[in-house]
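Dumping the structure here so I can ask a few things about it.
Letters A, B, C, D, E and F mark the chains as written, and numbering starts fresh at 1 in each.
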Amino acid sequence: MTTVTLLTDDELSPAAKAVFDDIRATRNSDFVNNFWRALAHDPKTLKRTWESIKEVMAPGALDPKTKEMLYVAVSIAHGCAYCIHSHTAGARAKGMTDEEYAEMVAIVGMASETNRLVTALGVPTDEAFLVGSPEGSGAAKGRPD
Amino acid sequence: MTTVTLLTDDELSPAAKAVFDDIRATRNSDFVNNFWRALAHDPKTLKRTWESIKEVMAPGALDPKTKEMLYVAVSIAHGCAYCIHSHTAGARAKGMTDEEYAEMVAIVGMASETNRLVTALGVPTDEAFLVGSPEGSGAAKGRPD
Amino acid sequence: MTTVTLLTDDELSPAAKAVFDDIRATRNSDFVNNFWRALAHDPKTLKRTWESIKEVMAPGALDPKTKEMLYVAVSIAHGCAYCIHSHTAGARAKGMTDEEYAEMVAIVGMASETNRLVTALGVPTDEAFLVGSPEGSGAAKGRPD
Amino acid sequence: MTTVTLLTDDELSPAAKAVFDDIRATRNSDFVNNFWRALAHDPKTLKRTWESIKEVMAPGALDPKTKEMLYVAVSIAHGCAYCIHSHTAGARAKGMTDEEYAEMVAIVGMASETNRLVTALGVPTDEAFLVGSPEGSGAAKGRPD
Amino acid sequence: MTTVTLLTDDELSPAAKAVFDDIRATRNSDFVNNFWRALAHDPKTLKRTWESIKEVMAPGALDPKTKEMLYVAVSIAHGCAYCIHSHTAGARAKGMTDEEYAEMVAIVGMASETNRLVTALGVPTDEAFLVGSPEGSGAAKGRPD
Amino acid sequence: MTTVTLLTDDELSPAAKAVFDDIRATRNSDFVNNFWRALAHDPKTLKRTWESIKEVMAPGALDPKTKEMLYVAVSIAHGCAYCIHSHTAGARAKGMTDEEYAEMVAIVGMASETNRLVTALGVPTDEAFLVGSPEGSGAAKGRPD
């Protein structure tokens, strides 16, 4: 149940239509999902969000399937049912097998458990896991000591 | 700041020591981190958690590095600083480059943004993303229609 | 799907009815929403919650529209769909335009993103943002140094 | 690191002092913790929060120890380190043994895991768990069918 | 709306069927809920989760009803509607009265409020609540100083 | 404790330096906080995040102070201590009084409480709060019926 209407193609402003055209071209498909249709009431946010998604989800050091799986994992932790469905479908479309899906879900469950156990016990971070310092103490850039 | 003390090797019960031995053997290292030392007050939970971690994080359809990165992503969403540090270190130890790390963090940020945008707007799930049904309507097992 | 029934006016205890009378008088409307009807099984909590809402949401240094928008923002972060709908409607009733709504939603999305980026990177708080201290070091009351 | 200073007894407004007097009398102790000292900048919220805590945490159908343990469990899920420490101490002061503490922490961990597994899979609620309905379909008040 | 189909008894693998048999025997009932039916696609996770639930929820220092109530409290904080329904039903089946339920819900609400107030104000943990230290400073094992 | 080092001005890549120059020019101040210094390891994300912040936080239908207060509210709900400090300081710099701050914090606390009460009870959304529909049923664009 949306707080705004879902815009049909006919209801789009020119700015929003331009974004929908790019979504279609980029994804090589005529389908534009409900999220974009709800967001289209605000063409600036629609455009910024779409441009960011394109940049963040482009193939890079991580492949598209892995990127989608990370997206699903975060969406589960945040309890966004829509996002879970749309990105699980996306991951499957990018080659995620049932076995990979099951392993990813099991990890999200296990991480959720240890996240809360650690928080409950207030465990202090081990020296071995620290990297760098505000005073520039000479730790290797981006790698643990 | 822990709610219980962190147990040294000398303070372990026999049941907890057995788990520490297995952690050391499995990880081929003498280092046992603060989380296990806090959890060691409850040897049953220590054992169950360690056995689960071994099973969930073993190489499978997903490789160990990808598994660690999923673990970090969930830990970020749940705000567990200890977990973020320990699993980021773990992912780096398993080969995660700075580039992969940056891409993963960017995805977690982007997913968090769209998770909340979707939730704000109350977007209904598209038909295209649905799979199966309680009534067994014939959808392909585990794959979108 | 409630875990308790939603009480009709006829089913209210005298204590709960007194609260419903005050809700109607305060809001100058006969409408009492489902939240109060579910909470009415526990008249003490119903009363305490209603009295708190009245105090917290009364016009003050912040105007009622801004107060409702803050309420929506928190409800989005917490993923409470009912709350999002009811307070979005409330904000609109208090004058929130579509443009203000869009800007608020965009902020919630952006804040969610940077909240997680910061958490991922474990950024330490800058000196410039600190105020006061437990030892009473003389920092200006309530203002940054 | 507080966003406001922690008020000493000398710095309290008369309204805030009245609340501190009641905290001391109710708890039969001179100790007033940092939370109340931070909240004391806003005597209205200080008073409302203290009055609510007194009402919610008073002995009732649930005993004080169980109430504190529920408070800790929620604080863990919400990641509030201060709250976890203060209410864990409170529960211990009310008789919680190390064994009860360990069992409670294990439950919080397990619940966190299954909460996310359920969310990942989007499991629909079983008919057997439903109670009541908006249309007043005759379900027993407050009890499952 | 599940991301996988809910498996009927006929669709279970032998490994999954063995777990369902144990669920039925342990709960002394033929009913197996939707969560297990969704999880059954991954017999390893199904088994590990069921074995963990059995261990964590067995009667111990805490009685089964208290354990279910803690489970509900965490599920509320995590916003898992399915879990809230299934464990609320479970708690009622184990003797939770409407009064106990109302008190538990009130505590979850109050804890959520103070969790966020504390977080907003960044309250530092009082010395009185600290226990132990990584350096082994001699604090009593498991009890505050 | 960061997972990467905080980059000094001397350590910036040209792309990152360009962003820092823009931050300084836009904010009319030489101060660049730790968040940007941590993010600077990934100039693409640094640039995209800064450009988005500029767009989202620019004066619009909502004034800058209100925008910062919304940002703080979300950061509290997400438990990001750094964000809470930095945006509380930002809101104060934009004119937020102690009274406005106190009211905002009280609202975040109250919203957190009712968010969880609603979730606990599984309250269904009232008809009166619904707007629009996927089938384009003619509801007024962006306004409740």
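Please note the rule applied: a contact is a pair of C-beta atoms (placed from the backbone, for glycine too) under 8 Å apart; a residue touches a chain by one contact, two chains touch by 3 or more.
Model, not experiment: these values are computed from the prediction.
Novice: Out of curiosity, which chains are bumping into both chain A and chain D?
Specialist: Looking at chain D and chain A together, the chains touching each of them are B, C, E, F.
Novice: Once you count every C-beta pair in contact for both, which comes out on top, A-E or A-F?
Specialist: Between the chain pairs A-E and A-F, A-F carries more contacts.
Novice: Report the chain whose mean Cα position is at the greatest distance from that of chain C.
Specialist: B
Novice: With centres defined by CA atoms only, which chain is the most remote from chain F?
Specialist: Checked the centroid distances; the maximum from chain F is E.
Novice: So the centre of each chain is just the mean of its C-alpha atoms; given that, what is the distance between chain D and chain E in Å?
Specialist: 17
Novice: Averaging only over C-alpha atoms, locate the centres of chain A and chain C and give their separation in whole Å.
Specialist: The separation of the two C-alpha centroids amounts to 27 Å.
Novice: With chain centres defined as C-alpha means, what is the inter-centre distance between chain B and chain E in Å?
Specialist: Result: the chain centres lie 18 Å from each other.
Novice: If you look at chain B, which of its residues touch at least two other chains?
Specialist: In chain B, residues 1-4, 6, 34, 41, 44-45, 49, 52, 74, 76-81, 84-85, 88, 98, 101, 105-106, 108-110, 112-117, 119-122, 124-125, 130-131, 134, 142 touch at least two other chains, as defined above.
Novice: Testing understanding: with touching defined as stated, what is the shape of the graph linking the protein chains, line, ring, star, complete or other?
Specialist: Shape = complete; every chain linked to every other.
Novice: In their complex, what parts of chain D are in touch with chain E?
Specialist: Touching chain E: residues 1-4, 6, 31, 33-35, 38-39, 45, 49, 52-53, 56-57, 60-62, 66-67, 69-71, 73-78, 80-83, 85-86, 88-89, 92, 97-101, 103-104, 106-108, 110-126, 128-131, 142-144 of chain D.
Novice: Across the complex, what residues on chain A touch chain D?
Specialist: Where chain A meets chain D, its residues are 72, 76-77, 79, 81, 84-85, 105, 108-110, 112-117, 119-122.
Novice: With touch defined as at the start, can you tell me which chain C residues reach chain E in the complex?
Specialist: It is residues 1, 3, 41-42, 44-45, 49, 78-80, 134 of chain C that touch chain E.
Novice: Can you tell me which positions in chain C touch chain A when the two form their complex?
Specialist: 79, 81, 84-85, 88, 98, 101-102, 105-106, 109, 116, 124
Novice: Can you name the residues of chain D that touch chain C in the complex?
Specialist: 1-6, 8, 11, 34, 41, 44, 48, 52, 55, 125, 130-134, 136, 139, 141-142
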